[in-house]
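Here the chain labels run A, B, C and D in written order, and each chain numbers its own residues starting at 1.
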Amino acid sequence: MRLSTHNLACQRGDRRLFSGLQMDLYAGQLLLVQGGNGRGKTSFLRLLAGLSQPEAGEVRWNGESISRTREAYYQTMVYLAHANGVKDDLTPVENVQIHVGLRGQKRTQAEIEPVLVRMGLAACLDLPARVLSFGQRRRVALAGLLVSGAMLWILDEPLTGLDVRGVAEMETLLREHVQAGGMVVMTTHQPLRLQGVDTVPLQIGPLMQVDDLVSESASAEA
Amino acid sequence: MNLYHYAAPATFYRMAGRWIPWLSWGAGLLTAMGLYISFFVAPTDFQQGEAYRIIFIHVPAAWMSMFIYLVMAFWCAIGLAFNTRLSYLMARALAPTGALFCFLALWTGALWGKPMWGAWWVGDARLTSQLILLFLYVGIMALWAAIDDPKRGDRAGALLILVGAVNVPIIYFSVKWWNTLHQGSSINLMKAPSMATTMLVGMLVMAIAAWLYTIAVAFVRVRGLILERERHTDWAQEALKEA
Amino acid sequence: MWRFLITVIRRDLLLAARRKGDWLTSQFFFVMVVSLFPLGIGADPEQLRRVAGGVLWVAALLASLLSLQRLYADDHRDGSLEQMLLSPQPALILALGKATAHWLIFGLPLLVIAPLLGLQFALPPDVIGTLVISLAIGTPILSLLGGVGAALTLGLRGGGTLLTLLILPLYVPALIFGAGAVDGILAGMGAEAQLSLLGAFMGLCLLLAPWVTGAALRVSVD
Amino acid sequence: MMWQSGAEFWSMGGYGLYVWGSFGVTALGVILEVWLLRRGQRSLVNRLQRMQRWEAQ
C-alpha cells in the first residue's frame, strides 16, 4: 500500500501554490501536512482526494495514477474536510448509514450504534443532526469514517470544533488506526500527541521547493 | 511542422499579432467589394424590388452566427478532450462576435420581414431558432461572467456550449415542426428571390469578409486573454513591457 | 452500482420527506401560475382550451427551475456533495440518481395535479389524458437537463437567475413537442407523432445529460 | 449604372428605411465592437502593467 505524489503542482487562480512536490506514504504511517494559512494545505489534500485536478504531475496509489485506479482508490480512501457532509435533517444513524451506502457498503443499525456511542453520541442517536453542536456533528462524520473501515484517511483539520476530550479521543483513534496498518494524511493547527506513531512531516510553502529533509526522512522510514 | 509549437501560448501570441493587420485589411477590402456588388452590380429583384439587398447582410450574418457556434463547440471539445488551455480561450474570444452576428441576423431579418410580409416578426422557423441561438450565446457569456475562477469558467462554459451544440439542431427541427403546425404555409426567407449568380457571389464575398473580421477580432481577444493568464511568465512580462 | 444509485435516490426522498415545505413550494407555484391565466385572458372556454397545453407546459418549465435551484446547492453547502463525488461509482450515476429523485419529488406530483388544472381550462377527458402522458414523458427531460444547469451554476452569485437563463432555451423542444401533443389532439390530428418525438428527446437526454451533469459537478467542486 | 441619381440610391425604391436600417445597424455594430475591443485591450494592458510594476516592488 503506497500513496505517492509525482511532481505535483497546484495553482489557484493566479497563484502557484507549489510545484514539483514528491511524497511517499506507506501503510502504518501518518503524514502531517504543515504550513501557514493560504499555503495550499487544503488544496494539497483535495488533490490527494482526487477532488481537484493537478496543474501538473499526478497522485499515485500503489504506483498508478488515481484517475486510472479510481474505483479501487475510492474504496480505500475517506476524506473529511471543514464541511462535515452531515445532513441536518437526518439522525446520526441515518447519516452514517448513507455515508457508507454511498461507498457501496451496507451496515445495520446494530453495527452503527456502538460506534456512535463510542464517539460519545449515545444521548442523541435518534435526534436530527440539526440540534447537534458543530463538534457533535464532527463526531458523527468521524463515526462514518470508522464504520466505513477505510484504510486511508485524509483529514483536513479534524480537530476543529472538538473539545479537550474529543481531541484526546481523536489522538487515540489516529494511533489505533495507524498502528493497525492504516494510513493517515492530515493537517492541524493544534498540537497533537502522537507518541509511538510513525509520523512523516511535510512542509508546504509558497513556491514550494521539495523539502529535502522531509523526502529523505520519508524514504528513510520507508 | 510541430502542432504543439503553435499551441504554445507564447508562439500563438506572436503569430496572432502578425496576422491581425493582414486579416483586418483583407476584411476591409472584401467588405468594400461586397458592398459594391450588393449595391451596384446586383440587379433589382423583380419581385422584392430593392429590399432584397438586405440579403447581403442577413444571410452572411446568419451563417456566421451558426458557424461561430460550431467552431466554439469544436474548440471546447478539443479543450475537454486534450486539456489544451488555448482552445478554451478561442471559444471565449469568439463568443461576443458570434452574438453580434446573431443579433444582426435577427435585426436584418425583422427589417426584411416588414416590407415583405407586413410584419416585423413572423414565427419563421429560421428566425425563431436564431433567437434561441442568441439566448444560448447570452447564457454562455453570462456563465463566464459569473465564474471567477478561470479554469472552472473554461470548462463549465465548454460543457454548456457542447450541450447547446447537440441541442441546436433539435431546436431548429422542433421549431420548424411547430411552424408548419401553426402557420399552415411555411414562409421561407431563402426561397423568396431566385438565386442569381451575382447574388451568390455577393453573399459569399460578404461572408468571407465576415470570417476575416471574426478571426481578426478573435485574435485580438485571444491575445488579451493569453496575456492575462500568462502574466507571470517571463515572455508575458517582456511582451507587457513592449506593449 | 445499484446500491449507490438506490442510496442516492432514497437519501433525497428521505430528505424531501423531512422537509416537505421545500418541494411543495414549486408545486404550489405551478398551480398558481396556471390558475392565474384564466384571470388574465378571460373565461371563454373556447379560448382557454386553445391555450391550455401551452400554459400548463410553460408553468411546468418555470416550476421545475424553481425546484432545481436547490438540487445540488444544499449538498454543496454542507459538504455532502463532495462525499458523494468521492464514491467509487462515477459521477454520472450520482447525477442519474439525483435526477430520478428530483423527478419523483417534482414530476410525479405534477402528473396528479395537471388533470385537476385541466378541468379549469375546460379540457375534454381525452385531451387531459394526452396532457398527462405528455407530462409523464416530458418532465424527466426537465429533471435531466435542469440538472446540467444546476451543476454548472453551483455556488455562483445569482445562480438561480443564471440557471433560468442557461436552461430555458434548452427546454424549447420539450415545450414544443409537449404542448404540441395537447394541441394536436385538440385539433383532432392525433398526438402520436409529437409524443414519439418527445420520447426520442427524452431518450437523448437520458443518455447524455447525466454524463454532462457529472462532468459539470466535478468542474464545480474543483 | 442602375442608379440615376443620389436621391434614387438613398430611397432604394421606397425601401430605404429597411435597407439602410440593416446596413447602418450592421456598420454600427461592427464599429462598436471594434471600439469596445480597442478600449478593453488598452485598459487590460494598462492594468497588467500596473500590476507588473506593483509586483516588481
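To be clear about the criterion, contacts are C-beta pairs under 8 Å (C-beta built on N, C-alpha and C of every residue); 3 or more make two chains touch, one makes a residue touch a chain.
Bear in mind that the values here come from a model prediction, so they are computed numbers and not experimental data.
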| item | value |
| --- | --- |
| Identity of the most central chain, Cα criterion | C |
| Pair joined by more contacting C-beta pairs (A-C or A-B) | A-C |
| Separation of chain A from chain C, taking each centre as the mean of its C-alpha atoms, in whole Å | 37 |
| Length of the line joining the C-alpha centres of chain C and chain D, rounded to whole Å | 42 |
| Euclidean distance of C-alpha centroids - chain A vs chain B, Å | 48 |
| Centre-of-Cα separation between chain D and chain B, whole angstrom | 16 |
| Junction residues of chain C - those touching two or more other chains | 222 |
| Chain pairs that touch, as defined at the top of this document | A-B, A-C, B-C, B-D |
| Chain A-touching residues of chain B, taken from the complex the two chains share | 148-150, 231-232 |
| Residue numbers on chain A that touch chain B, as the complex places them | 13-14, 16 |
| Touching residues (chain side chain C, partner chain B) in the complex | 145, 148, 152-153, 156-159, 162, 165-166, 168-170, 172-173, 176-177, 180, 183-184, 197, 201, 204, 208, 212, 215-216, 219-220, 222 |
| Contact footprint of chain B on chain D as seen in their complex | 1-3, 9, 12-15, 18-19, 21-23, 25-26, 29-30, 33-34, 37, 40-41, 44-45, 48-49, 51-52 |
| Residues of chain B defined as touching chain C within the complex | 80, 132, 135-136, 138-139, 142-143, 146-147, 151-152, 155-156, 159-160, 162-164, 166-167, 170-171, 173-175, 177-178, 181 |
